[in-house]
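Next, two complexes with chain A in common: one pairs it with chain B, the other with chain C.
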Partner chain A sequence: MLALLRFELREAFDSVPWTVYYWIFFAFQYFIYGQLVSRLVVNLSDYYTYYGTGLLIIMTFNISTWAGRRFVEGAHEGRLRYVLSLPFTRGELFLEQVLLGLVVNVVRIGPPLVLILYVTRLPAYTLATSLAVLLGMSVGIMGIMIALSFVAFKSFDIYSAIVAGMSAILIRFSTILYPLNFMPSAYAAPAQVNPLTYGADLLRSALNIDVSAMANPVLSGFVVLAVGACTLTVGMALVPRALEGVKSS
Partner chain B sequence: MSQTSTVLQIARVDLSYFFRTKWLLATLIGLNITDMLVVGLVYKGMMDFNYFVFYAPGVVVTGLFFASFDVGRRVHLGLTEGVSQYYLSLPVSLNGLVLAHLLSAGLGGTIYAGILMVMAAAFLPHLASVSTLLLLPYMFLLSMGLAGIAAALNLFSKAGERYWVFADGIQTAMVGLSTIAYPISTVSSFLPSYLVTAIELNPLSQGAEALRTVINGAASSSAFNLASLSIGSLVLLVLGVVSYRHVFARLRDVGKI
Partner chain C sequence: MEVAVQTMGLTKAYGSTAALDSLDLSVKRGEILVLLGPNGSGKTTLLHLLATVLKPTKGTATVMGYDIVKQPLQVRETTGISFQEPRGFWRHKPYHILSFHASIYGIEGGERRRIVDETLEAFDLWPSRNKRFMELSGGQGKRLEVAKLFIQKPAVAIFDEPTAMVDLEGKRMIWDKIKELKESGTTVIIATNEVREAEYLADRLTIMKLGREVVTQSLRALKDSISGGDIVEVQFSTPATPAMVNALTRLPGTVRVVPDAENTLKAFVDRSEDWLPVMMTAVQQLQTKVTSIRVSEPSLDDVFLHYTEVLV
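Then we have the complex of A and B:
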């Protein structure tokens, strides 16, 4: 399993343009878009810091989605058949995919996180806590994306549509870009049952960002852990069955 | 079959690729609508002006941009999967093939933006007006022009995954350096003057400002200039023609780009 992980990591980082692109994307969004939008926001103090942390979560979400998509693309390209012939269980394969996603996540969001901590002059120990929160969230999201692969084995278009739709709903109906108390009640209700809301609020608690209507950090921590554990368990149970009879296109 | 009808056939087939994945298309439209109705409305409560009215035209133009830019993805896949080689074997000139792709990009962007405009008009009644209809030809020209950027990308990225990185980067930069999400007054108080000029001249800014003048009246936008929109789109369209001519000529002569 570790040999496969090493091989896939080498392959993932072969693609230097994507890793560099993620950093440039962050710098652009943080230093230009974030600066400009935060000048327009007058009813929330220091929206710039709020936006920066939201951007980190969006990046974590995108990278986790990438990990899921990569898994199903591997199946469609016939690579999965070979991997399944290797001497380890399918549950271990699922774990290997999650580990791959986590390492890629650390490399891609690590530098932006350090930059935010530097710009906002936060103490160094917050790096460890915030990274732990982001990786905890990442496990949950990757678990969902990989577990959804059973849809992709039927139709890749429907999988893409579900992932795009889920991204839109989960990111917009959450506190990633705006606090709960600014949302109309129709939007606040779904946001309160959205795990990303708790992840975003937990990250802001870890960074000591003062936001008036933030979810309780203990509850947020519990939700992030529970989602991660549940999706891992469901994924490990579901993926081995979903892999049966999968065809490459 | 005449040259014109072959060009129209290729344009129709290319356009049908864009609308083929209905699930994905419905989701993308849903994504733009939630951008308008969720992000626009929530930010409205955090700002001291009606951000929803400001942002909705920006979302329409973003949709137009992404839809017209999709021609680059189709050509990129066509080049790697041999579809472009097949097109070159048809009785159609190089210019005809280029025109067919740019035409399908223009139509794709306009149709997609039209769908978004109909949705937005439910909340912004001023959009359902003769002025919007008069703007449609300019939106079509803008859509064809924006496809020119995708064509240049096809030329420079060649094969491999570089295309996707460049495409994502250019889309982010074009949207970020425009007045889609923030007014020009905010931009000019933060960025250096040469960037402000570039943002004003960005065809996406011009498209968004054009729709804003339909909703709020001609005096509402200091940045809007119909001539600038047309000239900017035409310049990009010429870039697209030159790029695709080069791509397809090289493919015909050498077998690859």
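Then we have the complex of A and C:
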């Protein structure tokens, strides 16, 4: 399984400019747009840091979505069929896909996270805790995307539409970019049941950002872990059946 | 007879369509079994089931004694499959693809480098070893796909259209390599639409249609099984008469006799090697002489069409 992970990582990082692009995108958003938008938000003491962490979560979400999408593309391109014939269990293959997504996440969001910690002069230990939270969120998101891949085996277009719609809803109806107590009630209600809200709040707790308006960190931690575990379990149950055509019986 | 692969009521359905329908088939150890069949006959589905890429809807199969449903991991360890379409790791290079495949099957270090280099050379991929997979031609991609099994040398090697897209020289090279693989003890299963490939490689042939086995025999037995499949053109020293037609028609093994030219009769017989001596004896009583004989046996095309169009 590690040989497959190494092999796929080589492909994932084949394009160095793409990884650098992620960092440039972050720096541009953080230093320019973040500064501008934080001046508009006067009711929150440090919206700049709040925005920066929100940006990290969006990047994590995008990279995790990419990992799920890559799995689906692998099925369409024939890569997955080859991998299915190799001597791994389906569980190992699933785990390898998740590990691949996590490593890509670490490489692409690690430097931006370090940058935020440096700019905001947060203690070094928060690097480990915040990275752990981001990776926990990533597992949940990848689990959802891979679990949904059974849709893609029927229609890649429907899968793309579902993922795009779900991404838009999950990111906007959450505390990624604005705290719960700033939201109109119509926004706040769905945000309170959105797992990303709990992930975002947990990240900010881990970074010691003002937590007064945020969900209980213990509850948030539980939600992040539960979502990750549930989506992985559902994915591991559904996807092999869809891949091996058992559903057709 | 030691069996390498045995299918038992193997069925794969997609909705109400049975891609494979209660297939009972066995493959002997160390033989090359070629699957022939029209498109949609279930050849590729069968190969994917044996390689545990798909799971059966009903029935099962064993590969080297391992059950494809209950022991898929052991089946994957003993089986290698070369897929019909060379697709996969688009951004990787042939060297890395083969090297990865070798490492998965426990070939490491200097041994791996040696085997990968040799295989790249043997499959004429050495000049392209540092191109990306997506930059290879269709034929090069196909040769790479096939080459994986020669790195692995599995107990059971499965090839789906091994020479599709490959040029004539490449086809011959791959066929010879497959024969070498067989000589080394590997059991080989090949699905193909190319009759020449089947004739060149097959120890036994299975003809499939609509997900079912129509017949499994050696090439010789298949050709012999067609009634009147051998065509014997007999030229006489005198014009062919109705009496001569009747005499040849009455011989055992004759299916029909028709005049072909003034001095020639064309006889459709079951087995020409049995029929000719009897015919020569019969001709002595007809007060004529045979001046020339031309025998043609049915081609595999004829056999294939016979079984797929007539029997099913």
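In this section, the second predicted complex is superposed on the first by the 242 of 249 C-alpha atoms of A that agree within 3 Å, B and C clash if a C-alpha of one lies under 4 Å from a C-alpha of the other, contacts with A are read in each partner's own complex, and residues count from 1 in each chain.
Rule of thumb we're sticking to: a contact is a pair of C-beta atoms (placed from the backbone, for glycine too) under 8 Å apart; a residue touches a chain by one contact, two chains touch by 3 or more.
This one's a predicted model, so the numbers in the text were calculated from it and none came from an experiment.
**Student:** Is the arrangement of chain B and chain C around the shared chain A a clash or a fit after superposition?
**Tutor:** Verdict on chain A: chain B and chain C fit.
**Student:** Once both structures sit on top of one another, what is the angle chain B-chain A-chain C taken between CA centres, to the nearest 10 degrees?
**Tutor:** 90
**Student:** In the superposed arrangement, does A:87 touch chain B (first), chain C (second), both or neither?
**Tutor:** second
**Student:** Any idea whether chain B or chain C touches more of chain A?
**Tutor:** Greater contact footprint in residues on chain A: B.
**Student:** With the two complexes superposed on chain A, say which partner A:21 touches: chain B (first), chain C (second), both, or neither.
**Tutor:** first
**Student:** With both complexes superposed on chain A, which partner does A:183 reach: first (chain B), second (chain C), both or neither?
**Tutor:** A:183 sits against chain B, while chain C stays out of touch.
**Student:** In the overlaid three-chain picture, find the nearest pair of C-alpha atoms across chain B and chain C and give that distance in Å.
**Tutor:** It is 10 Å, taken between the nearest C-alpha atoms.
**Student:** Need the overlap of the two footprints on chain A, from chain B and from chain C, as residue ranges.
**Tutor:** 15
**Student:** Any idea which chain A residues touch chain C in the complex?
**Tutor:** So the residues of chain A touching chain C come out as 3-4, 7, 10-11, 14-15, 77-79, 81-82, 84-89, 244-246, 248-249.
**Student:** Considering the complex alone, what residue numbers of chain A touch chain B?
**Tutor:** Listed in rising order, the residues are 15, 17-18, 21, 24-25, 28-29, 32-33, 35-37, 39-44, 47, 157-158, 160-162, 164-165, 167-169, 172-173, 177-178, 182-184, 187.
**Student:** Which stretch or stretches of chain C touch chain A in the complex?
**Tutor:** Residues of chain C touching chain A: 12-15, 48, 51-55, 57-58, 73, 76-77, 79-81, 83, 85, 87-92, 96, 100, 103-105.
**Student:** Give every residue of chain B touching chain A within the complex, in rising order.
**Tutor:** Residues in contact with chain A: 21, 23-24, 26-28, 30-31, 34-35, 38-39, 41-43, 45-48, 51, 161-162, 165, 168-169, 172-173, 176-177, 181-182, 186-187, 189-191.
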